[in-house]
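Dropping the structures in below, format is structure tokens.
Both complexes below contain chain A, partnered by chain B and then by chain C.
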Partner chain A sequence: MKFHHQTLSNGLQIVAECNPDALSAALGFFVRAGARDETPEISGVSHFLEHMAFKGTDKRTAEDVNREFDEIGAKYNAYTAVDQTVYHAAVLPEYLPRAMDLLAGLIRPTLRVDDFDVEKQVILEEIAMYADLPSWTAYECAMRRQFADHGIGNSVLGTVDSVGALTADAMRAYHTDRYGANNIFVAATGKIDWHQLVDLIEEHCADWSAGASERGCDRTHRRDSDEIICTDAYVQESIVLVSDAPAADAPLRMASELLASIIGDDSGSRFHWALEEPGRVDSVEFAYYAYEDVGAFLTSIGCQPDLAEENLDIIKAIFREVAERGVEPEEIDQAKHRLGARIVLAAERPQNRLQSLADHWTYRQRYASVEEDLALLEAVTIEQTKELLDRYSLSNHLAVWLGPLKGDATASAPSLS
Partner chain B sequence: MKFHHQTLSNGLQIVAECNPDALSAALGFFVRAGARDETPEISGVSHFLEHMAFKGTDKRTAEDVNREFDEIGAKYNAYTAVDQTVYHAAVLPEYLPRAMDLLAGLIRPTLRVDDFDVEKQVILEEIAMYADLPSWTAYECAMRRQFADHGIGNSVLGTVDSVGALTADAMRAYHTDRYGANNIFVAATGKIDWHQLVDLIEEHCADWSAGASERGCDRTHRRDSDEIICTDAYVQESIVLVSDAPAADAPLRMASELLASIIGDDSGSRFHWALEEPGRVDSVEFAYYAYEDVGAFLTSIGCQPDLAEENLDIIKAIFREVAERGVEPEEIDQAKHRLGARIVLAAERPQNRLQSLADHWTYRQRYASVEEDLALLEAVTIEQTKELLDRYSLSNHLAVWLGPLKGDATASAPSLS
Partner chain C sequence: MSNVYHEHRYANGLQLLVEPMSWCRSAAFTFLVPAGVSREPATAPGCANLVASLLTRGAGSRDSRQLSNDLDNLGIQRHEATETIHTSFTAATLADNLEPCLTITRDIMRSPHLHADQLELCKASTLQELMAIEDDPGQKIFIELKRHSLPEPLGRPILGSAEGVQRMTPEMIVDFHRRCFRPNGAILGVAGNVDFERIRDIIGELFDDWKPIDEPPFSVAQRHGSRQHVPAEKLQTHIGLAFDSVSYSDADFYNAHGAVGVLSGGMSSRLWTEVREKRGLCYSVGASYHPLKDRGIILVYASSSSDRANETLEVIFAELERLLLGISDDEVHRLQAGLKSSLIMQEESTSARASVLARSWYHLGRVRPFDEIAREIEAMTPESILGYLERHPPGNFNILTLGPTPLEASA
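Take a look at the complex of A and B:
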């Protein structure tokens, strides 16, 4: 494994982890553009633009894009997050040049007005579909209230109003601003010839201009009050709790990952034994979300309304217990085994290494090998988890309720209607 | 990569593909026991037994099993098919001994009566859940009618009656019969020390007795007539077509895989362009199923009832067209790229190689490297696809309809009620 890094004169960065023994190559364009960069008027434009990227260029129709990716057997996709938009593909090494040609085309799409109008309907349907998912609706509401004056609280999909009113010109302006060469890095992993990679990127991207691309980073944020959304649309109650957590560049990052696994992992965690195993919930999750300037611990449960208050008491008791007595050494060991195995098992595929390489580059502007990641994990101490729990109180959380329960947000919990 | 093979004196076989460069090890117990080995009275016992395997041994409770797999960060699971039951785990190489201990324990469970009674309810709920899935119900019905007098038509889940009436003693008798050492092989891939592997298996499995284990293989089968299940339970119509296909050991196997991709792949296939892309169906699939003695091509679609007959006409026209004019050379090339990329991308993880290694061993009693698989794929000719289509007519199919449409099976198609 060898790491390389270079910046073109237009500001576009290239990072690669070359593994001569790999059987495939993975390639991704990471654009520093997402919901957090949107004003309310253009809310959802990043995600809409990601869809439009597949509609083709001057030399390719949408059908050509699909067919050509298919011809080289590429496993390809794209996604839009609150802080970045990513286009990626995994291919056999001999198809790297064609994959690069296709991916670079996605980043510089034609944005035809006809396609724009048709795709808008697809996006509006997607918004309607997600609005039907209670866990998603509760999550979006919780993030919006936790990060009330911060871009991380923005919705990735946008609203029916904002997307409905969006024009192709507004999207073009956003593209010019945010898709500048200096706001993009290309990452590659697996069987990569570094010099060939740089030549290919020069060929396709050297004439891309830079953009405005400023992003206001803010390590503080205001939190709104709890919210109870009472609706008969769902039989089950969805509850989301959010509290502050370290940002992605914080020294306590790995301790946060470990704590999330101890409290909320699928198997063997505190939530698993207290809530999932006795069948008290349909679903329960405890996750650590980290961004460049802020972070959050998120608890999500779905359960029968008449068990909701009791379940919340169980969760609060677990939060109090880890705050007062800390976590057990055996829990730390077990979570280290679990996360260590995941890091290693994921590292076997270039397409997974791509994500890890890009995460380090996005949030910490550095490279870390699998061995370094494992060493970081191994180095977490019980004292660090204590420090983490002292500085980021899980009990100091926002709560959002969605479902049949009604009540006012000042009471300890809503009641069954 | 180095392949090894050995048979213990009790008949248990061991196969391994050792890759010193891999980061993990994958391990699986492949038991030649499945729905096809069941009489109607014990229908569902293989799948029920697979659940019971996780309930523990004399030295471990069910909770111990979960906790111990979790302690070593194992990614583990099990599944029951119509012709085999598989227990597998992927771990870091240093945990291979503990994973072996745990997996071997699954194959020799205690089968406590208390656990049996509790788990029976879980299975009955699973049967009810699957009965609510129209695509599953139509699939099971189609397989039952296609293989009317053949074990491949048996249901993996069994029925509420058969599972409800099952006794722990009947399960024990089935276990003694089918889980004999001579009916099992252990496969391992990734970072494996062959001698350590054999020693571990000797330690845990050498005292296992052989079982009865005979299985009647039959290369012929009787097909029942079409069936139309008219029900208001679903808004959409589900249709499954089944026709004969080569068995898993047939020379035309790879040509069958290729044909399935040309006709029905997710992207770029005939069905994709004719049915999916114009939005005529909710879902469409064309798959090749291969077993040791028989095979089947399966078409499944879900669509609005008023489009069902037209969609079926489109499908029949595609079947006629490939029968009369064959497939295009470009289609073959594209499908080869697609399948080749999948073979290579899958080969990067020991846990995926395990499946490929075991498939070759189960159905062809031989080892094939990734390179051999790719060479086999590359060697498929347009003449072979022609021979395949001549010998296995897609137009000579069974049809099962499930949904609002009613009619009699002798008419060309049901009509809207």
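Take a look at the complex of A and C:
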């Protein structure tokens, strides 16, 4: 494994972890553009633009793009997050030049109006699909209220109104702002010839202009009050709790990852024993979300409505207990074993390794090998988890309720028939 | 690509398959036992899944918590799942931790406690899962489509029914485990940084005295076409459609893959292009091929806003019809490129290989070598796929819709 890094004169960065023994190569364009960079008028534009990227360039139609990716057997896709947009592909090594040509084309799309109008319908379908899912609806609402005056609270999909009113011109302006070469890095993992990679990127991206893509860095945010949404549209009660957590560049980042595993992992966690194992919930999660300037601990539960209040009491008791007594050394060791094995297993596939390489570069502008990742994990101490819990109180959280529960514990469970 | 595997059958019928992958740091296994939902007594729907949930809640000398702690301390990523034919227990970890993991697995498969108090907890949990499906129309449509399109007992829902789960007794659970967790019919696939002889000896020590039990009779009815609507107040209408295809061992296996690939193999495939790209009718649309041992089935799925769903179904029908009119060389070349890269990338995952070993063995009694699969992919042509489609034309559909109102479009 060898790491390389270079910056082109227009500001585009290239990072690669080359593994001569790999069977495939994975590539990604990571654009520092997402819902947090949107104003309310253009809410959803980053995600819509990600769809439009596949609609072709001056030399390719939308059909050409899809056809050519399929011709090389690429496993390819894109996603939009609140703080970045990512275009990625995994291919057999001989197809690296064609994959690069195609991916680079996605970043400089033509944005034709006809395509724009059809794709708008697809986005509206996507919004409708997610609106039918209670866990998603509760999550979006919780993030919006937790980060009331901060871009991290913005919706990735936007609304039917904002997407409906969006114009191709507004999207072009956004693209010019956010898709400048200095706002993008290319990451590559697996069987990569570094010099070939740099030559290919020079060929396709050297003439890209830099943008004026400033992003405000705001380490504070205002939180709105709790929200209870009573609706008979769903049979389950969904509850989301959010509290503050360290940002992605904070020294307590790894301690936060470890705490998330201790409290909420699928097996062996506090939530598992208190809620999953006794069959009190359909699902429960505790996740650590880290961004460049802020972070959040998120608890999500889906359960039958008549158990919701009791379940919440159990969660609150766990939060109090870890605040008062901390976590046990055995819990830390066990979480290290769980996460360590996960790091090693993920590293065996270039397409999985790409995400880890890119996360380090996005949030910390550094490279970490698998061994360094494991060493960072190993280095977390019980004192750090104590400091983390002192500084970021889990009990100081926002709550969003969504479901049939009418705000009292006497509501009965709906029939299953 | 070498992909050499070793096989060994123990006297009690347990089948072992091992593929050493010396370049990996990990090792993984897939353990299949013939204890899927199709093996449930008709009077106990949900019992296979409850037994699977109970496997890791105490086994051998360990209670639920000790078992979980020991597996976690070995860094084992594990999953137990109920499937139609089998119950599977899969695990992946650092290769050095495989042996202690196999020792614990012996207890999980052969001597789970299946305690009555743990059963009550699993029942509560399953009832909540059944309830949650009502809030997830994309999941519900597949469960209902399977129920309507695959005949008894293949179409049974994995979780059973709320009524069945509520009625389940500890005796029914113990009885199902005793009858279905048996070495004859069980298959263990292991892949990763391991040595075949060593694994063979360890598994021998752990499972040699597992007593075989006679295979119970098993018969499946024929499929019949149907059309049903499930009313649901949602923004979208979900569409599911099923029709017959061929089994895993059929000579047309790759051609069936090819036909589904033309429909749904990549973003240049026909359903994606016609339904989503040209008309913007949906966010998700696709077809998938599900080969079983004695038959196969193709499922098509889409979800659209309710006022546009009828057009979506019309376009799907039109594409199924157009499939028989011709397939281009270019379409087949794209399919071949996609299948070839999947085949090679699979070699980067010990979990993927372990699964292929066990499942191929179940269907074929052997594992297709890499070169053979590559040859079969290369041999695919428009004519071979059309030949398959003429022998097995899409038709006699099971059509299921879920949403505010039924749809009118028909084939």
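Methods note: the second predicted complex is superposed on the first by the 406 of 417 C-alpha atoms of A that agree within 3 Å, B and C clash if a C-alpha of one lies under 4 Å from a C-alpha of the other, contacts with A are read in each partner's own complex, and residues count from 1 in each chain.
One rule holds for everything that comes next: a residue touches a chain if its C-beta (ideal position, glycine included) is under 8 Å from a C-beta of that chain, and two chains touch if they have at least 3 such contacts.
Remember, predicted model here, so these are calculated numbers, not experimental data.
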Taking chain A as the common reference, can chain B and chain C both be placed on it without clashing, or not? Answer clash or fit. clash
Across chain A, the partner (chain B or chain C) reaching more residues is C
I'd like to know which partner A:R280 touches here: chain B for first, chain C for second, both or neither. second
Please indicate which partner A:A173 is in contact with in the superposed arrangement: first for chain B, second for chain C, both, or neither. neither
Just to be sure I read the superposition right, which of the two partners does A:Y234 touch: chain B = first, chain C = second, or both, or neither? second
Would you sort A:S24 into first (chain B), second (chain C), both or neither based on which partner it touches? both
With both complexes superposed on chain A, which partner does A:A379 reach: first (chain B), second (chain C), both or neither? neither
Who does A:C217 touch here: chain B (first), chain C (second), both, or neither? neither
Looking at the overlay, does A:L124 come into contact with chain B only (first), chain C only (second), both, or neither? second
Between chain B and chain C, which residues of chain A are contacted by each of them? 21-24, 66-67, 70-75, 90-92, 267-268, 334, 337-338, 340-342, 344-345, 348-351
Within their complex, chain C touches chain A through residues 23-26, 57, 64-65, 68-69, 71-78, 92-94, 97, 120-132, 134-138, 162, 233-236, 265-269, 272-273, 276-284, 303-305, 330, 333-334, 336-342, 344-345, 347-351
Residue positions on chain A within touch of chain C in the complex are 21-24, 54, 62-63, 66-67, 69-75, 90-92, 118-122, 124-126, 128-129, 131-134, 233-236, 267-268, 272-273, 276-283, 302-304, 330, 333-334, 337-338, 340-342, 344-345, 348-351, 414, 416-417
Residues of chain B touching chain A in their complex? 21-24, 66-67, 70-75, 90-92, 267-268, 334, 337-342, 344-345, 347-351, 370
